[in-house]
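These notes open a run of structures that come right after.
Here come two complexes built around subunit A, the first alongside subunit B, the second alongside subunit C.
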Partner chain A sequence: MIPMISVRDLTVRYGATTAVDGLTMELAPGRIYGLLGRNGSGKTSLLSVLAAYRRADGGSVEIDGVDPFENARIMRDTVFVRDTLDVPEGDRVGKVLDFHARLRPRWDAGLAERLTEAFGLDRRKRVSALSRGQRSGLGVVLGLASRASLTLLDEVYLGMDAAARSTFYRELLDDYLAHPRTIILSTHLIQEVADLFEEVVIIDRGRLVVQEETDTFRARGVAVTGPAEAVETFVSGRTVLGRQSLGGVRQATLYGGLGDEEERRAEQAGLSLAPVGIQDLFVHLTSGEHTPEAVR
Partner chain B sequence: MFDERSPIYVQIADGIKNDILSGALEEDGQVMSTNQYAAFYRINPATAAKGFAQLVDEGVLYKKRGIGMFVTPDARAKLRDERRKRFFADVVGPMLEEAARIGVSVDEIRKHLDGATR
Partner chain C sequence: MNAHTVLLTLLRMYRPIFLWFGATLVIGAGIADLVLGAVTEPAFSLWMFVAASAVKYWVLVIGVILVSTHLRQFVAAGVTRRALVTGGLIFGVLTSLAVAVLVPLGHGLEDALLGEVAAGYPAWSPRLGLGEFGHVLPSCLAFFVSGAAVVAAFYRYGAWRGLPLLVPALLPALVTEGLLGLGGNGELLTRFLPYAAAVTVSVGLSLVGAMLYRRVMRDVTIRRSTTS
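Take a look at the complex of A and B:
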């Protein structure tokens, strides 16, 4: 059974630092989620609690209706891959794979072998001797071949070149299509992977900023360009994420889609409208100029 | 294949409509499954499913339970009618506006068209 995830008022602290700050969200089962946030936004802390690597300092997390912490049934079916890799550095790649094969009830040895080859991993090499990209590759092998109902992949592409990342995205999608499960993928490289996400979850400073269908989110950004005065008249009363000017021409980035009527009005005012790329939209939303509440 | 200008599911629906209009997809012919579509275009299957659902709503595709999606028998004629209705507003209108902006007269356009079809 693919679990439902329910996070309520979750708080994670490290000493005086609050990494996750009263975050509440629900994730429906069987979807691919993109978890987006800047460095230090709380992505890894959130995933660590979902994976029961640590306990919440406040609030609660429920997976399949129960607290995952020290729950053997949930943990057998949860895999969490992060940049530290969490495998013995002195072990050889082959031993790491064999160990996971025994540990994971749904381990797919065929997939593991194919991916190991695709990422150029030598089974005889020790983990400590792998390059950054190869370490990431090994993480992807463990993450996908485990075929866990809850698969948490935290920036697993570090050090991978474009070809290896492309292999990763392709294998992720193909395996998901054949074996649907909940996958949460945290990333900075939004543009190249956004099409794989059913929903995006954006967090900033430990708080939820946006949780939305990717296509809906994509349509929310509009860049309005024209004479400065006309632009300001048009955008007044709307959520403006950013402005830039060149001579008398101004461009304002708006959050929230425009209706047909509004588009006509902009056109009549001599303004041009253009979509904002999903990566730019993310940057605007998390650039620190706006509080997360502003876009709700 | 997809751009930023509109939601991907809309672009999927438009692409299938164009294939029906061009004859690349035949009436009563089966279209790819959402999973095949997702794998081919490297997109989330839910996005593909949304595009297909829109086409079912519009009567362009129909579902055969347990088999898949098919092109509605009169889809091509219906799509042509719709596009023809929008042709003057969507294609000719903007052209005339641009012509007016840069001082191309309707007469010149007419001459050009006569020349082009001769």
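Take a look at the complex of A and C:
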């Protein structure tokens, strides 16, 4: 399959700071990607380049085979919603929605109306008067109702309460199933959103750490628990992401799946094996002790 | 999304503002003129005093808003910088044309409304109206371009690095203000150069300003806010 998004040696700098450092990846079209990374890892910079909000300082980005920067066709079909809404503060919600409805070729007015109600947005209220959660809700309305082939959502849930976030996840999934497109969702609420992701992309310090199917990635993490000595013997020669000890009991988090034979061996050694959540894997992979090279 | 779409969107956005602004100006000056005419024979043009000096600053503000507000807004809606700059410049030209027509038109209406006037009042004539149009238009174009270019320079390069661009960006407005203008009573002021040469210099500088604006904006990063 021809990749919809192709990133080669992408570099983004802010003065002396390198936000994205020679990142290379390919993303197939029509999937929901979870873009994960710690604060300052380069997520927003990467999304900004994909959305043509800024030029790359090095390397190349192609969407459908062309550079998205100032490409009218690609930009028309890309929507980027970031935590700071790119709308005039003094405009009323209704005016903001009408503006996007006029300029977005695939704008779904019905969906916009439904989401506006779901997030409790008053069309007559000015953007400056919206609460943090309501502003995020407006961002979600713009992001989903645009129905852009490439939808980039960067921390769009900020300030939303649990019910609003749940509405967002449900609407995102429903709309995606009805109108498949490429969605990249950057988030820190990994555990909460993990089930939405079809593929996980983790970046750290501007470099790609992991890009995998969510299920494959999930299967890579194994927590081995048992007597300290037995655990150390078992994990010897493997990539250990972290260790925790309590008395004589130790738990080691391994990166890399175990085969049937290895699982049997662990059982015989009196060790218990448990899956590791995506968030735990993410924390281990980006904790600072593990450089991207170490886990490749 | 092309410049035509941007132009139509801007016209639609600004239409109610234009109408309110124009109506307030015309009705306000009209009422004031009626009161003035009832108590005295005015020796000056209130319309020219208020409107002629106000319009160029209003057009300058539109140039400023084009970058400070509309850049993020339009790019976030999938519009290219190129389309926004081109559509915005055409919008600026059309706005300048509209206000350049409004000024002599309002003066003519005022003249008709007042009837008897004292000696100092600048009596309207088609020739004077044409002169007013010919002075207001280059002035508005220059102020619009300067407003847009100054903010574009600061938006892109920040306060200190943008400072050197302040001079070329302000040049169209400053030079035009020096060469052409309207006095407080609507006098046609043409200084230092004959009118044709002054207009040529003014329009030429506005074109250079527009090119500078286009150059600065063509690959500008879309910041989170105007100040960040």
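Everything that follows uses one rule, which is that the second predicted complex is superposed on the first by the 293 of 296 C-alpha atoms of A that agree within 3 Å, B and C clash if a C-alpha of one lies under 4 Å from a C-alpha of the other, contacts with A are read in each partner's own complex, and residues count from 1 in each chain.
Keep this in mind: a contact is a pair of C-beta atoms (placed from the backbone, for glycine too) under 8 Å apart; a residue touches a chain by one contact, two chains touch by 3 or more.
Keep in mind that this is a model prediction, so the values were computed, not measured.
Following the superposition defined at the top, how do subunit B and subunit C come out on subunit A, clash or fit?
In the arrangement built by aligning on subunit A, the partners subunit C and subunit B fit side by side.
Does subunit C touch more residues of subunit A than subunit B does, or is it the other way round?
C
Which partner chains sit in contact with A:P275 here, subunit B, subunit C, both or neither? Use first/second/both/neither.
In the superposition, A:P275 contacts subunit B only.
If you stack the two complexes on chain A, which partner ends up touching A:L173: first (subunit B), second (subunit C), both, or neither?
Once the two structures are laid over each other on A, A:L173 reaches subunit B alone.
Quick one: classify A:D77 as touching subunit B (first), subunit C (second), both or neither.
In the superposition, A:D77 touches subunit C alone.
In the overlay, answer first, second, both or neither for which of subunit B and subunit C A:D86 touches.
In the superposed model, A:D86 contacts subunit C only, not subunit B.
Looking at A:R218 after the superposition, I want to know if it touches subunit B, subunit C, both of them or none. Which is it: first, second, both, neither?
A:R218 sits against subunit B, while subunit C stays out of touch.
Mind working out whether A:M25 is in touch with subunit B, subunit C, both or neither, as first, second, both or neither?
A:M25 contacts neither subunit B nor subunit C.
Give me, in Å and rounded to a whole number, the least C-alpha distance separating subunit B from subunit C in the superposition.
27
Mind pulling up the subunit B residues that touch subunit A in the complex?
For subunit B paired with subunit A, touching residues are 2, 4-9, 35, 38-39, 41-47, 50.
If you look only at subunit C, which of its residues touch subunit A in the complex?
Within the complex, subunit C contacts subunit A at residues 1-2, 5, 9, 12-13, 69, 72-83, 218-219, 221-222, 224-225.
Spell out the residues on subunit A that touch subunit C in their complex, using ranges where they run on.
Interface residues on subunit A, with respect to subunit C: 48, 52-55, 69-72, 75-80, 82, 84, 86-88, 99-100, 102-104, 142, 146, 148.
Which residues of subunit A touch subunit B in their complex?
Counting only subunit A, the residues touching subunit B are 31-32, 169-170, 173-174, 177, 195-198, 214-216, 218-219, 275-278.
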